[in-house]
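For reference, chains read A, B, C and D in written order, and residue numbers begin at 1 within each chain.
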Amino acid sequence: MSPEVARLGHVALETPDLDESLSFYVDTSGMEIVERTDETAYLRSVEEYDHHSLSLTEADEPGIDHIGWQTEAPEHVAAFAERFEDQGLDVTWVAEGTEAGQGEAIRFEVPNGHRFELYGEMAKPEPPKERRSQLRNRQYDPTDNHPIAPNRIDHLQIWDQDAFECAEWIREELGFQVQEYYDLQDGSRWGTFLSACGVKIDLAIVQSENDDDDAAVHHIAFEVDSANDLFEAHNVMNENDVPVDGIGQHGISRGEFMYARDPTSGHRIEFNTGSYLTLDPHWDPVAWEENDISDGDDHQWIGGIDSLKRVTY
Amino acid sequence: MSPEVARLGHVALETPDLDESLSFYVDTSGMEIVERTDETAYLRSVEEYDHHSLSLTEADEPGIDHIGWQTEAPEHVAAFAERFEDQGLDVTWVAEGTEAGQGEAIRFEVPNGHRFELYGEMAKPEPPKERRSQLRNRQYDPTDNHPIAPNRIDHLQIWDQDAFECAEWIREELGFQVQEYYDLQDGSRWGTFLSACGVKIDLAIVQSENDDDDAAVHHIAFEVDSANDLFEAHNVMNENDVPVDGIGQHGISRGEFMYARDPTSGHRIEFNTGSYLTLDPHWDPVAWEENDISDGDDHQWIGGIDSLKRVTY
Amino acid sequence: MSPEVARLGHVALETPDLDESLSFYVDTSGMEIVERTDETAYLRSVEEYDHHSLSLTEADEPGIDHIGWQTEAPEHVAAFAERFEDQGLDVTWVAEGTEAGQGEAIRFEVPNGHRFELYGEMAKPEPPKERRSQLRNRQYDPTDNHPIAPNRIDHLQIWDQDAFECAEWIREELGFQVQEYYDLQDGSRWGTFLSACGVKIDLAIVQSENDDDDAAVHHIAFEVDSANDLFEAHNVMNENDVPVDGIGQHGISRGEFMYARDPTSGHRIEFNTGSYLTLDPHWDPVAWEENDISDGDDHQWIGGIDSLKRVTY
Amino acid sequence: MSPEVARLGHVALETPDLDESLSFYVDTSGMEIVERTDETAYLRSVEEYDHHSLSLTEADEPGIDHIGWQTEAPEHVAAFAERFEDQGLDVTWVAEGTEAGQGEAIRFEVPNGHRFELYGEMAKPEPPKERRSQLRNRQYDPTDNHPIAPNRIDHLQIWDQDAFECAEWIREELGFQVQEYYDLQDGSRWGTFLSACGVKIDLAIVQSENDDDDAAVHHIAFEVDSANDLFEAHNVMNENDVPVDGIGQHGISRGEFMYARDPTSGHRIEFNTGSYLTLDPHWDPVAWEENDISDGDDHQWIGGIDSLKRVTY
């Protein structure tokens, strides 16, 4: 049996002030608190069934604790553990329930410092009774949803000192597929856009600007229905004095975006829509070269989001 | 001085159960309560500045009390009163404040039984402090708006036994402009679509199906941003067990619609978007003939909304 | 090795007048002709890479020749053939190129009369040079796309005399997953909504109204970007005197739709948007019961599309 | 009689290469050529009835010839002429037909160098027969419209050395209403946003960056249906190597925008949607102060479109 990763599950973030950060993620951005302990809040989006797609833990400094991926079957967790230990990786087992709602898991570092978690099982708590949709394929009754509530976690983007090395490891060891990649004129790979689920980008790995930059998370993206929703989300961010990094369209992935940052922790989220599905069993990775997408004043496929603030692990 | 009507202001409805109707208009449909007395609630939409665009009064039976139009200047109210009294119409003066937030007004009947009100001044109360937008050209902070909150009242449609006579009177006496009209094959006018403000349809007058039908209101329309919003509003109506009369696009006006009915009173509202502006000072009314828009199985410009439930004055 | 189906590939339709039908699919609906022989035209949508997702062949009567599914790997075609022949099914091999652009394939009937095709390989011709997008992840330059051009084939719905039997066979033999199903009060299964690709509905199988109805295709759905596009497509259909079956939202799948029919052949297409992805490796099929979604005057989750015209194989 | 301006009619631009500029306005941006002479092309948008809302004339340098406004009635042109001549302004009469499709007009300069034209009558040519919509309230059949064709001219923005003086003159002499204005901390007025038609912004006048800058046009805006259309227009601009100045939302007017520039002439157009109507007969101008809308890194109500390229008269 070859163990497989099924999908991006959640990201575990650290914030210096949990209540303040919840104000951003819940009151401003429309996510739902599923469970809260003293130190940690577990959140999900309104179309998600699993216990959480985001957790926030109070800590001295803003940080990323780990990025959680769900395996195709529960027994794949142990299979991955065995493989990584054979390679000499430091694998830590996390008991069921340590992370609320989650089954047994492992944690380990991928190059060059990103902390990944693999788990097989996650509880699927129902919304509170008064919030449940009458539709059997909808979680929350939209009557009481936040006006900009996103649907579900979509992908995340990370910065790495050696983005190619990081991407290659994840492709080989975790079996992610390459959906798109972007090469600079010097032949080096600036970014690799990988899929865990097989039909869309789940993880973008891009080159850090400086060689000694620590591994960092660039943004976590949540899906919304349409471009209209990006503008309304942008309005709500501005009303709440949330720093934003613009509205635009990526050339890579063709996703339309609105970026905002938790004022307390600096973590960036993206409201995202409009990307495509790769249902083709013979998908050829999309190969970009530096000149394909101008990043100058006049072209904005990428949108000039050059020097964004960083939060590390 | 020739007095002028500036715009559609509000509709005053009666309902057998005010609390139940508020549940529909506020909790389900996203309108805001600006003021409430024992018997009457005054509502507006989130982009409106005036005190109310809808009022609901508890009464034995569902009904329409009046349709309120704002004059171009306050002194136009008396000028209209004088004109109508000269014609022998029964004009009733309504003192300032009788209708909350409203200045002195007159009420009278237009053919064939529709009760109109003309007023010049209306208070513009600010939203509660915690709901105010930071933007100086926005009323309510969208963070706390209802997810399907419409923007503003747009138009209303009424049924009349002699729709042509009613429309002609309103055109001549109130100075409304004809934006579009629709003639049947027998040469009779089925519907006239009039503008008070001069740039869009504010009042549609259509022929009752039966000669002895009392004057009635077909629907009151509120504007939303986009077609996506019609679907989300439709979802919310269904979640709340509100009867709906479909999503579609009108040929006349080219407006896109979603119809829903207050379960308590039977009054129908439309969520509406996508119509056009007539800025042309030489606008020629659009002249439709019966064969222009098929209403059969296969064409749906009108949408087959044939036998809708009626609420009278 | 257990052979797998990867995705819905194409539907092969028959029409009494190929040129007239192309006027509907291409001039009105915005699909692209990739290749044409005397008798057959091969079409795709503007975001598709494969040679065709629809073929039209001139024939005496309107009909469905087959429904084509792509296997996960080319060698899976033979593996399926062997399995079906072992079961006594009548399997016909179709040589490479018989269907333009397509590798070797098999055809066979599934209960109760639906003609399926399995193939592993399909050519991916580039758009004509003057139509190519500058973006490496986009096929056609949108500058010259038809204003309502859909993106890609999404799913199809078929009518069967014994919809449960048909769905069960496809689930067991082809490995499709059940995304949603709908049971009547008498305990019978009215509809099963299956996925070949694993993340969305690809095939809906619903019960025929009459026991002796032949197997038929209800509609073939093509994806568009947003609800706005449904209205614009509806407009274009009306302008071209194409019969339409309404705009609305399905409860099952939560897809928003606009139905239109080729005036020449009667085949129905859906313009579709807004459904959800099932990335969950432990997806529980959504179980609907008859009372969950009212189909009466007042609720329109399904939309009252009751007695639609049928085209059989 | 007090003469009145009814609406923004058209802008007459100059370009060094008419064919190249038509490639931008027609082939890329989706406007329609209504008439063309050797030196001038007259264009309109697909929902417009009048002969043109934009004209392009070949000239040595890019420039603006004039900005055309339609008066409420034809006889208002002479009334305005008399008034301006009494004030000592240099008024030039333009004979009927000098500008194709247009009746008698006058041209004159408003402070500080903007060339305005007033005319009362404009021909309303039908679309070519094969392009006419079946709908009596739609001009062009959308089947053959360009995929990003805008609906109609919406407004224009001009730069002036003394924006307050310019706006005051236009308000007093032409009777435009102030919809919004923006004051800097030093008390000076940075921008005034005026309405000719009375229900929306038709003319924005903003302060030039340098005191000796000549009068210039910042952009001419054309309306589209929804935010989705801004993204598709942005895509089409990029495909055609057209320089763009971003997608975003204005605080003032709350319009959502996409800016692009004719590569040949440098004239900027805006694709615009989402602004509001002022139907209120007692509209209070929206008064902004410098601190209301941050223009820094973190807030983007205005969008940081600071140093845009200029084209003068």
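The definition used in the following text is that a residue touches a chain if its C-beta (ideal position, glycine included) is under 8 Å from a C-beta of that chain, and two chains touch if they have at least 3 such contacts.
Per UniProt, the chains are A, B, C, D = Catechol 2,3-dioxygenase.
What you are looking at is a predicted structure, and each value in this text was computed from that prediction instead of being measured.
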item	value
Chain hops separating chain D from chain B, counting only touching neighbours	1
Most distant chain from chain C by Cα centroid	D
Copies chain A and chain C touch via same or different residues, half shared test	same
Euclidean distance of C-alpha centroids - chain A vs chain B, Å	46
Distance from chain C to chain A - Cα centre to Cα centre, in angstrom	32
Residue list for chain C, restricted to those that touch at least two other chains	134-135, 225-228, 235, 238, 274, 301
Footprint of chain B on chain A - complex, ascending	27-28, 133-135, 141-143, 145-149, 225-226, 228-229, 232, 235-236, 238-240
Residues of chain D touching chain B in the complex	6-7, 47, 49-50, 70-73, 121, 134-138, 151-152, 180, 197-199, 225-227, 251-254, 274, 276-277, 279-282, 286-288, 292, 301
Complex contacts: residues of chain B adjacent to chain C	226-228, 230-231, 234-235, 238, 243-244, 246-249, 256, 274, 297-301
